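Both complexes below contain subunit A, partnered by subunit B and then by subunit C.
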Partner chain A sequence: MAEESVEKNYMLYICTGCDIGDSLDIEKLKEVADEDFSVESKTHEFLCSAEGVELIKKDIEEGVNTIIIAACSPRVNYDTFNFPDIIVERVNLREHVVWSHKPNDEKTQQLAEDYIRMGIVKAQKMELPEPYKEEITKSVLIIGGGITGLTAALEAANTGYDVVLVEKEAELGGWVKKFAKLTPSTPPFRDPREPDVDEKIKQVMENDRIKVFTSARVESISGQPGLFDVVISQNGTKEEVKIGSIVVAAGWEPYDATKLENLGYGKYPDVITNVQMEEMAADGKIVVPSTGKEAKKVAFIQCAGQRDPEHLPYCSSICCMVSLKQALYVREMNDGQAFIFYKDMRTPGEYEDFYKRVQEDPGIFLTKGEIKSISKTENGMLVEVTDTLLGEDIEVEVDLVVLATGMVPRLKKIAERLAKEEEAEGEEAKEGEEKAEATETETEGEAVSEALEEIEGILNLTYRKGPELPELKYGFADSNFICFPYETQRTAIYAAGPIRQPMGVAESEDDATGAALKAVQALELISKGAATFPRVGDLSYPEFFLQRCTQCKRCTEECPFGALDEDEKGTPKPNPNRCRRCGVCMGACPERIVSFKNYNVDMIGSMVKTIYVPEDEEEGLRFLAFVCENDAYPAFDMAALNRMEWHPDVRIIPVRCLGSFNVVWIADALSRGIDGAILIGCKYGDDYQCHFIKGSELANRRMENVQETLERLALEPERVKVVQLPISEFDRIPEIINEFVEEIEENIGPNPYKGF
Partner chain B sequence: MRESIPSGQLSGNILVIGGGIAGLSAALEASEAGYDVFVIDRNPYLGGRVAQLYKYFPKLCPPYCGLEILFRRIRSNPKIKFLTMSEVVDVSGSAGNFDVTVKINPRYVDIAKCTACGECVEVCPVERPNEFNYGMDTTKAIYLPHDLAFPMKYVIDGSVCKKDECAKCVQTCKYDAIDLSMEPKTITIKAESIVVATGWKPYDATKLTNLGFGKYQNVITNVMMERLASFNGPTKGKIVRPSDGKEPSTVAFVQCAGSRDENHLPYCSAICCLASMKQATYLREQLPDSKAYIFYIDIRTPGRYEDFYTQVKEDENIVFIKGKVAKVEEGENGNLIVVAENTLTGEKTRTEVEMVVLATGMQPELSDINLPIKDLKLDSYGFATFDVPGIYAAGVARGPSDVASSVEESTAAALKGIQAAKR
Partner chain C sequence: MVRIEPDIRFVKDLMKMGGGDLKKCFQCATCSVICPQSPDENPFPRKEMIWAQWGLKDKLLRDPDIYLCHQCNDCSINCPRGAKPGEVLNAIRNYTFYEYSTPKFIGKLFTSPAYFPILIAIPIILLYAFLQIPGVLLSPEGEHVVYGNFINHLAIEVAGMLVGAYVIVVALLSFYKYWKAVGMSSGPVFEVERGVEGKTTMVSGGFWYEFWNALKDILRHTKFSECAENRYRYLAHLGVFYGFILLGISTLGAVAYMYLFGVKELALPLYDPVKILGNIGFLLLFGGMSWIVYRRLSASGTAGKPSYQDWFFITDLYLVAITGILMEASRLAGATDIAYPLYLVHLVLVFMLLAYAPYSKFAHLMYRGLAYMWAKKTGRLVGAKEASE
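For the complex of A and B:
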C-alpha cells in the first residue's frame, strides 16, 4: 500500500475483425476514449495476429503500461494478450456486443461505447497486484495414523516435505492393523490380500522426514496456512510445532451395533459385527462366542443398520466386499459354510470378479432378501429371510451371525457436539426468556450432551468460524464438488479417507496420495503469495482499511473460508493465506473498506457511474447485469457464440463471485438514473454450485439491504433481482434478460432519478 | 501462444496422455505444485467424455461448470502446455528420462490464426456425422466441436473435406487460418514421468443383438440420452425418440446392457445405475406425464450416492424392476417390448415402452489403442495395472470409476509423477 504507483500510460486497442468493424462505428468509439478520457487508441483488423501483438509490444517498449483491448472475450486469446507487468483490461466487444446485438444499430453502438468507457475506468482503477508473501514452513501435519494417514505421510515425505504425524492410539496402523486380510484390489481380483500395513509403519518410522507422535492429539491450531502454530499434547506434555498444511485422516468407527437389537445384537452373544469377525480371523480362530467352538455355519447380514433412515441412511460401500472376504475365511479356516443375505450386491468395477469368484464356491450361499427375524434356537441361531430370489421365504440355522455394520466418520459426534454448543449459545443469547422447566426429555438431552462433551476435536482450530472442517452430511467432512473432491472450506486443510466418504483400503491409499499432493501444492502456492483453488495463482488479496471499520462483523461472519478472525472488539484480523480471493468480504462491508489492488468497490462503482444514462426515456432505459465470472459470464459468451440476442440496454459487469457484490453499487446505479439491475450467479442451497460455497446465496440475502436502499429512494422492489443460472443453460439468457427489461419497461417505468 | 503447435526440443516434467477430466486434473494439480506438464489429446479439444454429458449425478449440475474452471486454470498457468489432435506413437527411455514421440494430426486450421468467427462454416458444402452427438446430427466438414470447446478453434474433418477441389473456406477466411495442405507432424517430448489417462469409450451396443440397438431406431444408449437432453445436442435438449420425433411417454432403462456379462464386459462399470437414475430425472422433469422403468440386477449406489437412489425412488413414476432384460422386441408404431424376468416375483414380464435406453458400460480405450509403452501392463479387460516405474494410470484407464474418483486418482497419479520427476 505504501508505494507510490507508477504513472499510467494508457492505450486503447480496438480490433475490427470478427464483425466488430462491420457492425460498429469505430471512429466514434475512439472519440469516446479521446474526449471522455484523453486516452489514445489504435485499431487493427486482426489484433490477435502476430502483427497485431507486435503493435502492442512496440507501444509497451515505448512506455505504454496500461492497455485496454477492445476485441473478443477475455476467455479467448488469453495468452496472446498477456504482457508481463502490464495492466491489461479486456473489453468484450465481440461476444457481448456484436455477436449478440443488431449490427450498425444505435443501441448497439451505445452499448459498445459504454463498454469502452467501463473498460477504461476499470483500467484506471486497477493496480498490478503485489503478492502477500511471508517466509513459510513447508511441512505437512497429518492427523491420523491409520492406513490413510500413513500413506499421506509417506507420500508427502517422499516428495521432499517434512511431515508431522499425530496418532491418538499408542500404536500406528489403525483398523487395518486389526484386519486378517484385505479385499483384493488388483487383477485378477480373486483372492484376499495380506495387509501390508506393517511395512508402511516401518517405512514411516524409518523416514527421517517424518516425525511421529503416538498417544497424542492436536490440542489447537492457530495462525494460517504456511504459518500454523500447532500444539500437540502427548502423555501430558505439550509441544508446539510450525506447520504449513494439513491432511485430516481421522478415519471412522463402526456403527454402534447395540442399536441393532432387532437383529439380535447385544441380545445374543452369537450375533457379532463384521469388525469383531475380522478381529477373530486375525487372531486365527473363528469361534462361536457362547460355546467357544469353531463356527461351521455363518450367516452374514448385509446393510445392518445401513441404507436405513433409522440408522445410517447411506451405504458404506465396502461391506459387501468385506462379507465376501469373510465368507472365504469361514470356508478356508473352518471348512465351514457361509450364507450372505443382501439387499443389493455392491461390487462395482472389477470387484465384480471377486464376487464371481465367491459365487463359484459351492459352500457359500448368496441371496437377496429381507431379514424377518433372528432368534436363538437350541443348536444355534435361526435366521428367517423373506423376499428372496428363490421366490420363497427361507430359514437357516447357523452357529454365528455376522452383522455387516457400516462406517461412521469420526467427525460425526464432533459435529453433533458443535451443533449442540451452537444451539446452546443461541439459547443463551435469548436471555430473559422464561427459564426452561427441567422436563424429562431435557434431562435426557443433557445426558447426551455430557457424553458429547467428552468427544475431543480433531483439528481444534482457533478460527472464528469454528474448530473443525465443516460437515457435509452424516458427519462426513466437507467435499461438495464432484469435479474437485478435495476442496474444502478451510484453505490448505484437506480431508482424506473414510472421514470424507465411505471407502476401502485401496481407495483410502489413493485418496491419501491425492490429499498429500494438495497439501504440498498449497505450500508451493502460498510460498509465492498465490491463491489456491479455484483462483489458483491469483496474486491479489483483500486489504482492509481498518481505521474506518465499524466492527459490524459482517465480513468475518460471511467469509466462507473462515479467513477472518476477530479481536475482542470485533475488528477483523485478516489471514491472507487462508483467503481464496472471492471478495465476499468486499461485498459484505457496508463501509467499503475492503479492496483488492485489481478489484474493489470503487472500481465497480466508477464503472457504473461512467455508463451513459439518457435523460430522455425515449432513448431507452439502462440496466446492469452483475454476472458471476465463473459460470454466468461464459454462459453469455456461449449464447453469443450461438448468435442469440439479448436486450441492448443492459450493461454486463463481471464479478469474481456474486458474493462480492456490494449493495452500494445499487445505490450508485439507481441514484444516477439506471433503471434496474439483475444479478446472475450460481445455484445455491444444499447442492450449491457456487465455487465460493455461499457467494450467490449471500448476494441473495443482501437483497434485503437492497430493498432498504430501494425503499429509501422510493423505488420499486422489482428493479433489482437475483437469478441462478447454470453455465450450460445459456439458452435461457435472452429470456432472462429480456423479461427483466420488459417487466420494468412495461410495468414499472423509468427511474425518476434520471437527469438529477 | 500455448495453443500453437510447438517446434524444437520440447520437455516437461510430466507428460499426461489424455485430456479428459482425469488427464486435465492430473496435469493441473501437478503444474500448480510447480511442475511443467504436457497434455496430449487425440480430440481437437480438451475435456473428453464429460464434455458430452448433460449433468452429473448426484447433484445434477452441469459438467461445463467444472470444465470451465479447469480451462480457466489452464489459461492462467503457463506451466501447462497441451497438444490436441495428437497421439503418442512411441515411448522410449525410462523413469526420469522418457522420450515420447507424438504425432500431431492435421487440423487444417492454424490455431494461431483462427479467431472462431465461424464464417467458414457458412460456405462449407460438406456435411458429416457429428461424433460429439454420437452421430445423431451432422456438422459441416469444418466445425467447432462444441460450445465450450477449448481451445476455441475450428477444425476440419480431413476424411470428408474435398480439400483443394472446394477450398471455399480458404477463400472466405479473412485471417488466412486454413491450410488444406497441412500434413501430420511428428515431434518428440522429453519427460521425466508419464500419466496415462486415456479414458473410456461406450461399449459397442451393436454387439448386443438381443437388445435391438442398431435394429430398432428407438433403442438408444445412455451416452446418446445425455446428448438428447443437452441444449447443444441434436434436438436442442428435447427428449424425443429418433424414429418419429415423438416425446416418449414411457422409457425403459436396461441396466447392465453388456455389463456383468461374460459374453461382453464381465465387470461392472460402476456408474450406470446412477447414470440411468439421473437420466430418468431428465425425462421426468421434461415430460411430467412420462414414466420410466429401470430394469436392474443390483442397484449399485455406494456411499452417499444412496441418497440419490432414495430421492429418485420417491418418484412413483420411476419404477425399479429387479430383473435382467432377456431381449427387446419390436412393437407397433415404433414402440418396443422389453422382455424380462422379474427375479423377485419370478414372473416373465413384457413391458411395452416408447423408447429404450441401454445402460452400456465403459470400456477402456487402452483395450484397443495399443499405447506404445512396452512395460505398461493391461489386465484382461484392458485396464492398466501399475507396476511400471515412472508411468502411472488414472481415471477409467485404470478401472471403471465416476468423476470424483477419477479426479482423486488423477491427483494421486500427479503426485507419483512428481516423485518420479524429482528423483
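For the complex of A and C:
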C-alpha cells in the first residue's frame, strides 16, 4: 500500500523456553521462514532474559529493522520486547500453540508453522506508524459548576492545566449550595456534615488557572480533541476559546413530581419533594406549607417514582440516605416524629452505619411497605400503607409528606428532544402520503415538542453523529461503566457525576477527580499523536484513500465515536484526534479504502492466504478464528494458561475489534479452501462489553453480507459464525471451538474449493 | 387499616427496662427463623421488634407470644444487628409486670432503680409498725437462740397470712386483667387438627383441659428444653423451679409440725424428712440460680444481660437464702446478739420476696402460665406430639 520508504531487514527469533523447544521441531520452523520467505532466524532458550534481548538489540544495531518474535503471547513481556522505531511482530507460540495443544504432534507442528508464516507476512505488510501530530491547546473545559464541576476544575488546575468552567446559573455551587446538610461521607458515618462547597468555590475563584463563566452556556463545540473551538455565550456576548479536552458535569434535576399524582403531589400543598424539604431545612424552618406551622410528624415516601417502569425504572441510589438525613432534621429542628416507608432501604457500603445511627433514634419509625393512598384529613395528611412489616395494613396521620424523588440526568430531556427531532426529520421525508392521518395526535405531539424545544443542549457539538453525548439508558451518558467509568462515546470528552449515573456528593467528587485526570491524560496522549482509551498510546490512525470513495457513508454512520464528519457530498472527513483506532470504518468500507499503517485489509487477507491448506482432507480441515484483541484474545491466553486444549486445525487471527472485520476476508478464506471461520467478540446489547461500543454488534449485522458471499460461492451458511464471549468465560473456549469444528467436519464436510 | 400512633415514651421505657438495643433491628427475621420456641405461622420475635420500635404498646402488652419466649437467646446470638431480641422480649415482659399490676402505683415502683429506696422502706416501716403492736416483740432470755422467744410466732404467722392474702388478691386481679387483655389480642385463632384421623378441627379444649395441658408442660419444662444456644438454662431453671416447690413443701411441713404436732420452736434436726426436703430444695434453688447468674455475667453476650428487674429478684432471693443460713448458723452457735437483728433483716427480705411477687420477676410464673394456656387454647401452641396424636 504505502510506499516502502526504508528497505525491510528481517529477522525471526524463536524462543525455545517455556516448553516451546520441547514441544516443537524448531529446525522445521526455521526452514519455513527460510524457504518460504528467505527470512533468517535465530533461537534462544530464554529470549525474554537480558541476554536474549541483548541478542535482538545487537542485530538491530547491525541493521535489522523488522523483527518477528515467536515466543509468548504479545500480551505479556510487551515492555521487554519493546524496540522503538522497529517493526515488531509477536507470534504466540507459547499460549496459542504449545500450551494448548499436544506436544510433538504433527498437527501442533503445522499450527506453529502457519503462525510463523502469518507472522512474517504480517510484518511484511506492516509499516511503522507516523503519528498524526498537531500543535494542540492543553486546556480543559468543564461544563457545570456544581460540586462535580468545581472539583474537576480544581483537580485539573492543580495538575497544571488551564481550565475553563462554564456554569449556567449566576452562581457556582449547584445543588449542594442549596442543601442544609450533606449525608456523611467519612467514618464513623454517623452525622450529616456541613456542605463545604463555599470553600471549593473560593478556591476556584482564586485559582489563576481557572477561568469561570457564570450565567453562561456552551453554544457550540467544533473541531477535534486538542483543537476544539468552543463558543461560550454569556449575557448575550459570545466568546470563542480553544480547548483541548472536556469534562461534562452538567448534573441532574429532580424527577418531575407532578407526574406523581397518585402520591398526592400537586393535589395537596402538604405533599412536597425531598428537594423542597432540603430547601426548607436550609432556610432554617421545616413547616407545613398549608398552615405555616412547624411540621411535627413527617412521612417520607421512598422510591417516589424510582424503580417503577412508569416513572424512573432505576434506583436513584441516594434518596434513602437523603431521607434518613432529613428524618434527623425533623427530630433535631422540630423535635418531631419521622416515618419512613420504603421498598428497600438502600444504603450501600459503609453508609449502612448512617442507617444504623438514624434507626437508633426513638422518634424515627421505619417500615417496608406499599403506599396505598395519601389523602387529606381534618388535621393533616393520612398515609395508608399496605404490606408492612408490622403485619397489617396501617395508616398514619402526619403533618407533612415528603416524596423521596429520584435523580434524572440533564441529558435525559435533551436526548428526548433529539429523538423527536430525528423522528420529525424522518417523517418529513415520508410526508405527503400520510399527511391526512392523525391530526389530533399531531397537535398533542407538537405541544410536547414545544416544551422540549426549549431544552438547551449541553455540548452542542457540530459532529455529524449528533450534538450531545450518546446515552445508554434512561438518559445517562453511555460510559461502558463496567470497566471505564468516565469514558463516553466522544473522545476526550468525559462524563462525571450524576450525568452518567445517580450518585451522591462524595461519589461525585471522586468521579470529578477521575474524569479530570482522564481529561489531562487525553491531552498528553493527543499531543503525541497517540490514541486514548482503550488503545492507549497507539500511534497509528486510519487513512482514507478518498479517490475511490463512493460516498456510501457507511464509515461515517458506523464510527462509534463520531470521528468522521462528512462534506456535502457525503465524503468522510476524518478527525484523527477524535478517533480511537478501532478499525470499524475499515470493516465497514466496501471499497476497502480505509487502512492503518500497521493494520489493514490487505494485511489480514495476506495472512489468510499464507495459511497452508491441505488438499487432502485426510490431512485435516482448516478453520479461522477472528478474535477480538481486547477480551477474546486474552481469553484464549487464559484458557491456555489453564492448559485447556482446543482443536489444532484452527488458526487464530487477532483483530482490533470485531467491528473492523471486513467481509472480504471471508471470500479470501473460503475461496482458498478454508473450511470455516468463527468470529469471537465481546458481548453486545444494553450491557455490552465491547471496548468500542458496537463493534461486535456490527460484526453480527455484517453477517448478512457474509451470507451473501457464501451464497455466491454456493457454500453452506454454517461455515461462518459469530460468538459473544465475555472474558470471564474463557473456560468455554474449547467447547466453542471444538463444537464449531465438529459441526463442519461431521455435518457439512470439507470446502469444495480446496485445491483450486 | 389500623391507625398507628407511636408511643415514644413506651419505646424509651422499654429501652431502659432492658431492651436498649431494640432500635437496631432492621427486620431481617433471622430471629424468627432461628427461634426454637416460635410457631411457624406469624412467628416471633421479629414482629415484636418492629412493634417495639414503633412504640405500639397496646399490641405488645396483649401479645401472648412474648411469654412463649423462654429467652434461650438463640435469636440474640444470631441477630446480625445486635438488636438482642431476646432481651427486648424480656423488657416487654418486665413492662407487663407493671402494666397489669394492682394497684398500678406499686407496680410503678419496680420499673426503675430510682424507686429502690421506697421498696426497701416499705417493709422496714411495716415491720416497725408491726413490732409496736403489744405482744409481738418479746424479750428473749438465756444463751440459746430461740426465735420464737424474740418475736411471737403466732403474730408472724398472722402477719404472713395477711401478706399472703394480699398477694393472692392482688395476683388474682392482675391475672384477670391480663387474661382479658390477652383475650383481646388481635392475634388470630389457629385451627389445629387434633382428634380422630385428622378430621376434626378443633380450636379449644376448654379452660381446664388447657390448664392441665399447660401445667404438664410447665412441670416438665418441655418448651424450655427446646432452646439450643443456652441449654444450661433448662437445667438451671428446672433447679430453681423445683427448688422453690420443695421449699414450699417443707414450709408446709413445718407449719404442720407446729400446728398439728405442737412443736414450739422449729429447730428441726438435720435428719428430719422435712428438713431434708427443705435442704435439697435450697440446694437446687441456690445451685440453679448461681448457675444462671454465673453464665449471665461471664457470657452476657450469649446468655443475655439481666435487667434491673432480674437483678432485683435474684439479689433478694440470694439474700433471703444467705440470711436464712446465717440465722441457722448463729442459732447453732448461740450468738444471740447476731441472730436476732439478723432475723429482722431476714423478715424484711422475705417480705420483699413474698409481697412483691406479683410485681417482680416472680410474676412471670403466672403471666407465662396464662399466656401459655392462651396459646394452647387458641391452638397457637400445640406440642408436636399432641398435634400428631
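Quick notes on this structure:
The working rule: the second predicted complex is superposed on the first by the 741 of 756 C-alpha atoms of A that agree within 3 Å, B and C clash if a C-alpha of one lies under 4 Å from a C-alpha of the other, contacts with A are read in each partner's own complex, and residues count from 1 in each chain.
Operating definition for what follows: a contact is a pair of C-beta atoms (placed from the backbone, for glycine too) under 8 Å apart; a residue touches a chain by one contact, two chains touch by 3 or more.
Computed from a predicted structure; not experimentally measured.
Clashing of subunit B with subunit C is the outcome of superposition onto subunit A.
Shared-chain residue A:L713: touches no atom of subunit B or subunit C.
In the superposition on chain A, A:L389 makes contact with both subunit B and subunit C. Looking at the shared chain after the overlay, A:K473 reaches subunit B, while subunit C stays out of its contact range. Measured by the number of subunit A residues touched, the leading partner among subunit B and subunit C is B. With both structures placed on the common chain, the touch criterion links A:L55 to neither subunit B nor subunit C.
In the superposed model, A:D361 lies in contact with subunit C only, and not with subunit B. When the shared chain is aligned, no partner comes close enough to touch A:C552: not subunit B, not subunit C. Touch criterion met: A:V520 reaches subunit B, while subunit C stays clear of it. In the superposed model, A:Q337 lies in contact with subunit C only, and not with subunit B.
Of the two partner chains, neither subunit B nor subunit C is touched by A:A506.
In the three-chain superposition, subunit B clashes with subunit C only at 26-34, the remaining stretches of 8-16, 26-34 or 170-178 being clear. The contact surfaces that subunit B and subunit C form on subunit A in the two complexes overlap at residues 345, 356, 368, 389, 391.
Those residues of subunit C lying in contact with subunit A across their complex are 1-4, 6, 8, 11-12, 15, 23-27, 42, 46-47, 50-51, 53-56, 81, 186. Residues of subunit A that touch subunit C in their complex: 337, 345, 355-356, 359-363, 365-368, 384, 389-397. Put simply, subunit B touches subunit A in their complex at residues 1-3, 21, 25, 28-30, 32-34, 54, 56, 59-73, 75-78, 112-113, 115-118, 144, 147-148, 152, 174-175, 230-231, 236-237, 260, 266-270, 298-307, 310, 322, 343-346, 379-381, 383, 385, 399-401, 403-405, 407-412, 414-416, 418-419, 422. Only residues 17-19, 45-46, 48-50, 72, 75-80, 155, 158-160, 186-188, 307, 313-317, 344-353, 356, 368, 387, 389, 391, 473-474, 476, 481-486, 501-503, 507, 510-511, 513-518, 520-521, 524-525, 534, 536-538, 630-631, 634, 638, 641-642, 682-683, 687, 689, 691, 726-731 of subunit A touch subunit B when the two sit together in their complex.
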